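One structure, pasted below without further comment.
In order of appearance the chains are A, B and C, and numbering begins at 1 in each one.
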Amino acid sequence: MNEVIKDLFTQVKEVQPLIHHITNTVTINDCANVTLAIGGSPVMATSVEEVADMAQLAQALVINFGTIDDAMYEAMMLAGQAANKKGIPIVFDPVGVGATPFRTERAKDYLNTVNVSVVRGNASEVFALIGGNAHTRGVDAGDISISSRELALEAARKLNAIAVISGKIDYISNGTDVIGIDNGDLLLTKITGTGCTTASLIAAFAGVSTDWFAAAVAGMSTMSIAGELAKKQLKKDEGIGTYRIKLLDQIFLMDGNTWEEGVRFA
Amino acid sequence: MNEVIKDLFTQVKEVQPLIHHITNTVTINDCANVTLAIGGSPVMATSVEEVADMAQLAQALVINFGTIDDAMYEAMMLAGQAANKKGIPIVFDPVGVGATPFRTERAKDYLNTVNVSVVRGNASEVFALIGGNAHTRGVDAGDISISSRELALEAARKLNAIAVISGKIDYISNGTDVIGIDNGDLLLTKITGTGCTTASLIAAFAGVSTDWFAAAVAGMSTMSIAGELAKKQLKKDEGIGTYRIKLLDQIFLMDGNTWEEGVRFA
Amino acid sequence: MNEVIKDLFTQVKEVQPLIHHITNTVTINDCANVTLAIGGSPVMATSVEEVADMAQLAQALVINFGTIDDAMYEAMMLAGQAANKKGIPIVFDPVGVGATPFRTERAKDYLNTVNVSVVRGNASEVFALIGGNAHTRGVDAGDISISSRELALEAARKLNAIAVISGKIDYISNGTDVIGIDNGDLLLTKITGTGCTTASLIAAFAGVSTDWFAAAVAGMSTMSIAGELAKKQLKKDEGIGTYRIKLLDQIFLMDGNTWEEGVRFA
């Protein structure tokens, strides 16, 4: 898979795929800049009157539930259906699913109507997404009886999509194979948006490839490796402000060679 | 109060309180990162369909009027009532109140319906909030006949809440006592979001304490001290871009000892 | 024109004009900070219930189509009409016009109802705005038969406004004269928001002047010069994360003298 992924870094910079996001207002700027950093071109249209047209122009679609409301959900539906019709990949980020019934129900409803290509979340979000038992066992990652590795596999099968579970070790599964990524840094959990922007990275790679499993591995590992490299550059009198900036720098500077040197499969 | 506040820094990092924000789209990302920097966990749900559920999960609620419209206002009402029912603190930031009748009326309406724990604003905003004479005297801080110290005291009494007035010297009052903070830097007024994120800091501290007066002093002074420390690190060829980053760094790096060394009561 | 523009830098810092933005959620924070960096005061009210009141308080209005929907469009109409009534300049940024019929139609509709003072966009956006032939020739800048210089002139005449076309060389026209700016750096296209924030700069200068042509030249060239200076400071192991920060620094640090030293007319 290494050669395939290394090639994705070249492809994304050549093609500059248009990545349509319907995403939350918290990290929308981060998503745009991370898409640009890896070589893609972001567009963030959200009006129900144009999302289907915009999805038609795009090479991939990101759907993020961070700050959904009814209007945004309707736009996500229209864009998702247009993306399915065109055959472009959809990366779905179920932010906060499991926390409120509204999110959990809407997320399940969405997956029943739209075929998503990649689902990316933390363990508790994806667990809530696939299981009726999420509520009884609790949605906090610590309470989940299943390992992240098994969860990735099961989620991929149940959702008929590539599943990406971020955590200390990240797991990516296509329902048959599971790949673990042993990169990253704890500071990635201390800034907002590293999950959301991982979805942008996956979408950028998926937008130039038909191998969405490889694209998911590439996107997830790019974030974790960049998080590690950014930490190495951090001085003692610096904190998460500087870390956020260096993280974006490292994503921008990463190419196939840096990636291969940095990645540690688990 | 010093020992109480020093302890708050430890508590917030241990408990990692969930701080629910319904806030403006301008500085929502800054609020999330500042909440993380001090040790809290931000959530920014705004849909009327879930805000009450989310407030139930939270340890504190931030209500910020920066970019309100009718839908957001309705969500603020629902979240505020849920927060009151649960008994968690609400930090209210009346951004721009006094500038348009819409804001002023909605703010007064909000305070009539929801019990807020802390009100944080600049002098003109809080003055407009408590006085019918705000319009006649003008809403600009310079035109206000009352001193910020007196304003803090009067606002705390009239609003039955902790009042925090930011300015050259910041004043915090519980209606009986007034504490002044003589920290800060002019550059804090040259970047957006230092007011909004001060509310996030206060909420994070209030979320792990029942002493909301101490929490308000802790949050306000953390911002002002961090603003001072960030300025000291700024080089001649750097400006507000770098300043914003270093400010977030300093909030992240601050603990009870740094705070105690830095704070200057007035 | 040099002396006029140098004076604008002094004026904007003295007057601190209030710049009302109705803009997209992606770069709204960047717009606020860039407005502050040049010396203005940003306000971002978007509710239909108050935008007219807020525009009455402002010295200039920025209308940006990045993430428009029906509610935002209605607010833009009300604010635009209030701004026209008061006689303050409106800077219009037709983001993505030409990409979907929704945007193109709304943009034309807007220009038929509101008198805008400055239109700022890239070549394809402005071309779509003035021509029925934009769709047949495609909206990508490369497909446009007309040069950016000619486009600026023609757009200024057809739209009865100052036209600003950003590109490798930026062109600004009042319908009679055309001024080219040969500054900038390719990295300005690799971060989000440099177009949006150029509109903020133009509005800040236009808010303290009646010479909106000079204000447009000042705003556009400030961004391009700052982009050049920021690039010079960038080290090998830094990327667009650091670049964004240094760009904001350079805008903050720029004055009439730095501007005059840096500007290259084409």
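The rule is short, and it goes like this: a contact is a pair of C-beta atoms (placed from the backbone, for glycine too) under 8 Å apart; a residue touches a chain by one contact, two chains touch by 3 or more.
Since the model is a prediction, treat every value here as computed from it, not as a measurement.
**Q** Since chain A and chain B are copies that touch, just let me know if over half of their interface numbering is common to both, same, or not, different.
**A** Different, since most residue numbers here occur in only one copy.
**Q** Upon optimal superposition of chain B on chain C over Cα atoms, what rotation angle is obtained, reported to the nearest 5 degrees?
**A** With C-alpha atoms aligned, the rotation comes to 120 degrees.
**Q** Where the CA atoms of chain A average out and where those of chain B average out, how many Å apart are those spots?
**A** Comparing mean C-alpha positions, chain B is 32 Å from chain A.
**Q** Which residue numbers or ranges of chain C touch two or more of the other chains?
**A** 25, 29, 244-245
**Q** Which residues of chain B touch chain A in the complex?
**A** Residue positions touching the partner: 25, 28-29, 32-33, 36-37, 42-50, 53-54, 57, 71, 233, 244-253.
**Q** Mind listing the chain A positions that touch chain B in their complex?
**A** Of all residues in chain A, those touching chain B are 24-27, 29-30, 66-70, 96, 99-103, 190-193, 237-242, 244-245.
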